[in-house]
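Sharing a structure with you now.
Which chain is which? They are A, B, C and D, in the order written, and residues in each are numbered from 1.
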Amino acid sequence: MNVQLASHLNSLLASFILLTAFGLVVQRRMNALLHLFAWQGFFLAVSTAIVGYLGGAHDLYISSILTLAIKVVLLPYILHRLIVKLKIHKEVETVVNIPATMLMGIVLVIFSYHLTAPIRELSTLVTRSTLAVALATVMLGFLMMITRKHAVTQIIGFLAMENGLLFAATSATYGMPLVVELGVALDLLIAAFIFGMFFFHISTTFDSLDVDQMARLKEED
Amino acid sequence: MIKEILKNVFLKKQAIQFPEGFNISPEQTVKIVDFQKKVDTIFHRSLRIRQVDAGSCNACEWECTALMNPIYDIQRFGIDFVASPRHADMLLVTGPVSRQMELALKRTALATPEPRLIVACGDCAKDGGIYKGSYAVTNGVANVIPVDAVIPGCPPTPTAIILALAELIDKVAR
Amino acid sequence: MLLSPISIISSSFAVLLLVLALTPFLRLNQRLLINVGFFLATIASFFAAVAGFWSLADGMTTQIILPIGLPDLPFHLRIDLLSGYFLAVVGLLAFFVSIYSIGYVKGFLGQRSVTHLLVFYVLFLAGMLLVVLADDALFFLIAWEMMAASSYFLVLYEDERVENRRAAFLYLVVAHVGAIAILLSFGVLAGLTTGFSGFQNYTFDAMRAAHLPPELATLAFLLAFVGFSAKAGVIPLHIWLPEAHPVAPSNVSALMSGVMLKTAIYGIVRIVFDLIHTFPWWWGAMVLVFGLVSAVMGVLYALMQHDLKRLLAYHSVENIGIILIGIGLAMIFTSFNMSLLAALALIAGLYHTLNHAMFKGLLFMGAGSVLHATHERNMEDMGGLIRFMPWTAVFFLIGCISISALPPFNGFVSEWLTYQAFLLSPALPSPLLNLMIPLGAALLALTSALAAACFVKAFGVTFLGHHRGHHGGRIHEAKWSMRLGMLLAALACFGLGIFPTYMIRWMDPLAEKMVGGKIAASASGLGWMWLTPIAAERASYSAPLAFIGILAVVIATYLLLHARPGAIHRAPLWDCGFEKVTSRMQYTATSFAMPLRRIFGFLFSIKEHVRQFPPAPHPAFPDRLHYHLRVRDRFWTWMYQPVIDVSFWLSRRIGRMQQGRIQIYLIYSFVTILVLLIFT
Amino acid sequence: MNIDPFIVEVFQVAVLLIVAPLFTGWIKMLKCWFQGRTSPSLFQPWRDILKLFTKDVTLAENASWIFRFTPYLVFGVSVIAGGIIPVLSMDLPLSATADVIALVALFSIARFFTALAGMDIGTAFGGMGASREMTIASLAEPAMLMAVFAVSLVGKSTSLSQMAIVISQGHSLLRPSLAFALLAFILITLAETGRIPVDNPATHLELTMIHEAMILEYSGRHLALIEWASMMKLFLFAVLGIASFFPWGIPRNGELFAVAVALPVLLFKLAGIGVVLVLIETGLAKMRIFRITEFLGSAFLFATIGMLSYFMLE
């Protein structure tokens, strides 16, 4: 597999990651969201492996396997259990309507491209062009957390942001040190569990997962 | 979904082959066997039907719907139901033509381009059926517009409808 | 020197003066006045068009200095390529419209005197011609005011209706706000550079020569852009346009919408490319953004209208937007020294200027004939007019096809050139622009598709289907002169669509003078039939081939199918057997626009409610339903209402001082004097 | 030996006229099979057209010339468009007549007149069809232009044969911009040719109709022309997709053997496209009309991502 082809594949994967990020932003049904998230993790894992191959940084293989294990298998499974247990099927209404969200997303992508322009000039790596995509993925995850009312969709947005960060790390500097990644992975797992319990409490207190309900927590004066 | 499709493609529900599986008289059998050929010769293998409900009890409509299902599957003969009489070659009229529908039926016939066929489907359409003599009906399509064929039965089975279409096409052929 | 553009144009002014001179004598015989007056106006505008075409064709620049004007501030006139082009635009449409007016204005006979209509029409024409000819700030502003004032009186022509007076006043206010901005801009250009001593550099030549510091240039540009967009009806300064155009007589609204708005385009091009001629890219980006906003919002507002002339007025906003898109792209390309692409974009914009003059004039003339025949402006009371006025229907249809940017007519050519300019934008060095500009192209595509939808609605509801109104019998076809005017305009639309390569070859020197690039050679690289803006393998479009090909196939199919005698029976329309179909059951303009109104509803302020009238015993069986829908321009509530409120508040405050007792006034003046004495 | 381009042109238009109904018939067959039914023959659309040509025309009393002119115009536009798209050879005398944008505009003039014909009779259904058709078209237009933009960035041109030449060289399968443009193009094709989930060509219920509602009044040869033209439109969008995304196998010039090979290759590709189309149509249900905004919005999104990823990743 020559470098040319590998970098092509990498950019293709980057665009797929971008696509899944957009899909997460606009998708309403919960199961589809989980599938999209799993796919994003999968693309991320493959691209990490490819970057590892390109840069000859072999610890990236491990982190790619980690990604595969946690983001493609474990977290979706946990969330799926959660959804089944809480009987959530689709988000009824979003804060902003879907086409508007799409346009915002496009603007965000352009903005992040503009932001990363100087870094592109400096960096010499083959994968530097995917940095903009990584940043855009982070921003789209953020956008998702903003425009959705549902707590589960918000944690998915959070995890998507984390995907973006990992992708940024791999594409900008051929990956963070392995220790850091292990730590991050562990955090994610714990976060997922905590979120799970947290949701139970919300849904038992408000018998709904609409985070707008939490407005009721503040003091009425 | 893919599984469904594959199942459909490979183990297909067998549409009924005429005349097997039907206790019908031999001469009808003959007609059915070359039904396809007749549709071919007379209507360039394409017959478009517009169904007109002239005050029917919807039993006949159900039978017409059954014509479209995978069992009878009339579309394989090149016969189809259409949405506008302008597109149709044949009006399939059901029900004893009630007074309210009389003018509508006339206008529908007027709107169908020549050459056109008009078939009265069901006993009501034949002569008013159980409504015969009621002040509210005109006792059959024939009293409103000239009819090319009549399909007896209350309601007629899908087979009967297909048979009658065969007979009708015979008549047109002559 | 006997026969030259300058002599021809001056003879056209002479003819206009002759009209003014004859008017008092012919005043008593109105019919003769109309015939003679508008016939002479026709000749004058024909001369103007000839002068314009000629001066652009042989590319000479002539200047003359009139000794009249203020003491030692003489008037300067000049015909160069740019003014020649706009002379041609103004003259050509004025030629068609003047022919049309001969028949149209006769409709007012017996209702009111047409004398001042003719006088102000002539003044308006002369004003527009002088604006493009003026070569100094003073004379430009005088001509500008002449144009504005005369058009104000023309809008006010049917002054017994209160809405007309309101519209005319609004127009006057906006026009003068704009004029002040232009005046200030000229002040910056002429004054701040060289100081006001010995005020001789008010001529455009001096401004060309002067080198402004960038911040002053920016100030001048911004002021000029505000002023001219107030005249051109760029959103958000478009508010007067849909009020004033519908109430003016239709021949006047044809001129106003067709060419008066174009004088503003002339001003922008003149100041940016000729007087300032070096600028940063963000000027172009700003013009581009305003153009895009005007295009999209204009067409969306147009979709919501059911008054035919209001609809057309909003479409003027849209088309001005499209022209500004071309000019903005040209500015961006120029600021990056890409002269070839700049020439392409500029020619696209200017070509659309000419095209819009033609088809918008045609459409307003058609609307005028409909008005003339039915005395109705509301589309909901029309319908089926194609049976009563077949000729008008054909001409109006041609106008609709042209403005909807459909081949082979002229609207498509200029929009296609604009698309090409967009598609070449990736050559720009700035990555941000590379990503942003394609979105603009998408907006332009949205605009033209919405325009097509809007004109299916306009033509379909007005001319097709059953007649919805009450006076079906009294509708008559337009007079021959009106038909002639529309016919000529329609032919112009067709010719401009079929022979773009010749037009571009004619406009090329202008583009070279403005932005220093020329595309005529490459534009007709494959021959006159193929339009290939940059290169044949980049993009190509051949209107003649497409037209002839489709025509041939149509004729062949027709003959083939009629070789066999297939009978055609006429039958009542298929109403599903329900024989009581009435004309009220058709789709109306409101219902046609409903899906788009719902999709883009967040852009308008929509008030919609259904009332049972009278209250029925059971809600399921209402006796009569009263449906009320009001769609309003949001800009009115956003921008203008606050201004109005503040001014009323201020005037009320100042009103307090007014007491009516003489002593109080004496105290005011005494105090004023004291204050002055203290501070001196 | 080389054939004269004009002969190739004529041959190609003939192929268009003959194959377009067969393509529709093929889609119908696949649909029947996927639903486990016995299918009508492949030639069924041809039979319908021929039958309609032999029938009389029943015209509404108040139909104006526009109503009678429209079928011929729509048919003519489709035929000319078929001469422009490179199907069997890349150098065609007509190929310089219009680039992609002008081609889309040709289709939209056909749509313009169809909508007018729908309003000409003055029935509620005609107006409803016209309104919906124009609405959907105006939403599809930006996405279409964006897709064209993305492809023209790769092809360095908007003239179809040029794009086909450039794309057929080089390994452009890996280009994300093309992948996304293709995705967008498929959605737009579904909308423009009135297939499920946007419109249902086989519906009998007037209130769910979009395109059918406008032609409810047509009969006889007029109806035949319009149905033939709409079959050709589907075919033309298919070959447009082929020419701009899978141009392999289209000969550069009218070399006899190459053209002879090009035809079976074309039929093979069409068969594949038919399978994809029928999978989509069997898998999806028709949308509510106001969901189509999101459908075409996502088409626009895909096209834009394609455009962006060209600048960002390539």
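Here, a contact is a pair of C-beta atoms (placed from the backbone, for glycine too) under 8 Å apart; a residue touches a chain by one contact, two chains touch by 3 or more.
Remember, it's a predicted structure, so these values are computed and weren't measured experimentally.
Asks: Based on the averaged CA atom positions, which chain is farthest from chain A?
Replies: The chain lying farthest from chain A is B.
Asks: Identify the chain pair with more contacting C-beta pairs: A-D or B-D.
Replies: B-D
Asks: Going by C-alpha centres, which chain is most central here?
Replies: Answer for the innermost chain: D.
Asks: Would you kindly tell me how far, in whole Å, the mean C-alpha position of chain D lies from that of chain B?
Replies: Between these chains, centre-to-centre, one finds 34 Å.
Asks: Express in whole angstrom the distance between the two chain centres, defined as the mean CA positions of chain A and chain B.
Replies: Computed value for the inter-centroid distance: 59 Å.
Asks: Indicate the whole-number Å distance between the mean C-alpha point of chain A and the mean C-alpha point of chain C.
Replies: 50
Asks: Of all the residues in chain B, which ones touch at least 2 other chains?
Replies: Answer for chain B, listing residues that touch two or more other chains: 84, 86, 111, 113-114.
Asks: Residues of chain C that contact two or more other chains, please.
Replies: 431, 435, 439, 567, 569, 571-572, 574-575
Asks: So which bits of chain D are touching at least two other chains?
Replies: In chain D, residues 55-58, 216-217, 220, 293, 300, 304, 308, 311 touch at least two other chains, as defined above.
Asks: Let me know each pair of chains that touch one another.
Replies: Touch list across chains, by label: A-C, A-D, B-C, B-D, C-D.
Asks: Please give the residue numbers of chain A that touch chain D in the complex, ascending.
Replies: 5, 8-9, 11-12, 14-16, 18-19, 22, 26, 98-99, 102, 105-106, 109-110, 113, 129-130, 132-133
Asks: What does chain B use to touch chain D in their complex?
Replies: Contact set of chain B toward chain D: 1, 5, 7-9, 12-13, 15, 43-46, 48, 70, 73, 75-78, 81-84, 86-87, 89, 111-115.
Asks: List the residues on chain D that touch chain A in their complex, please.
Replies: Within the complex, chain D contacts chain A at residues 171, 174-176, 179-180, 293-294, 297-298, 300-302, 304-305, 308-309, 311-314.
Asks: Which of the residues in chain D end up touching chain B in this complex?
Replies: So the residues of chain D touching chain B come out as 32-41, 43-44, 47-48, 50-51, 54-58, 203-206, 209, 212, 216-220, 223, 279, 282-283.
Asks: Within the complex, which stretch of chain A touches chain C?
Replies: 106, 110, 113-114, 117
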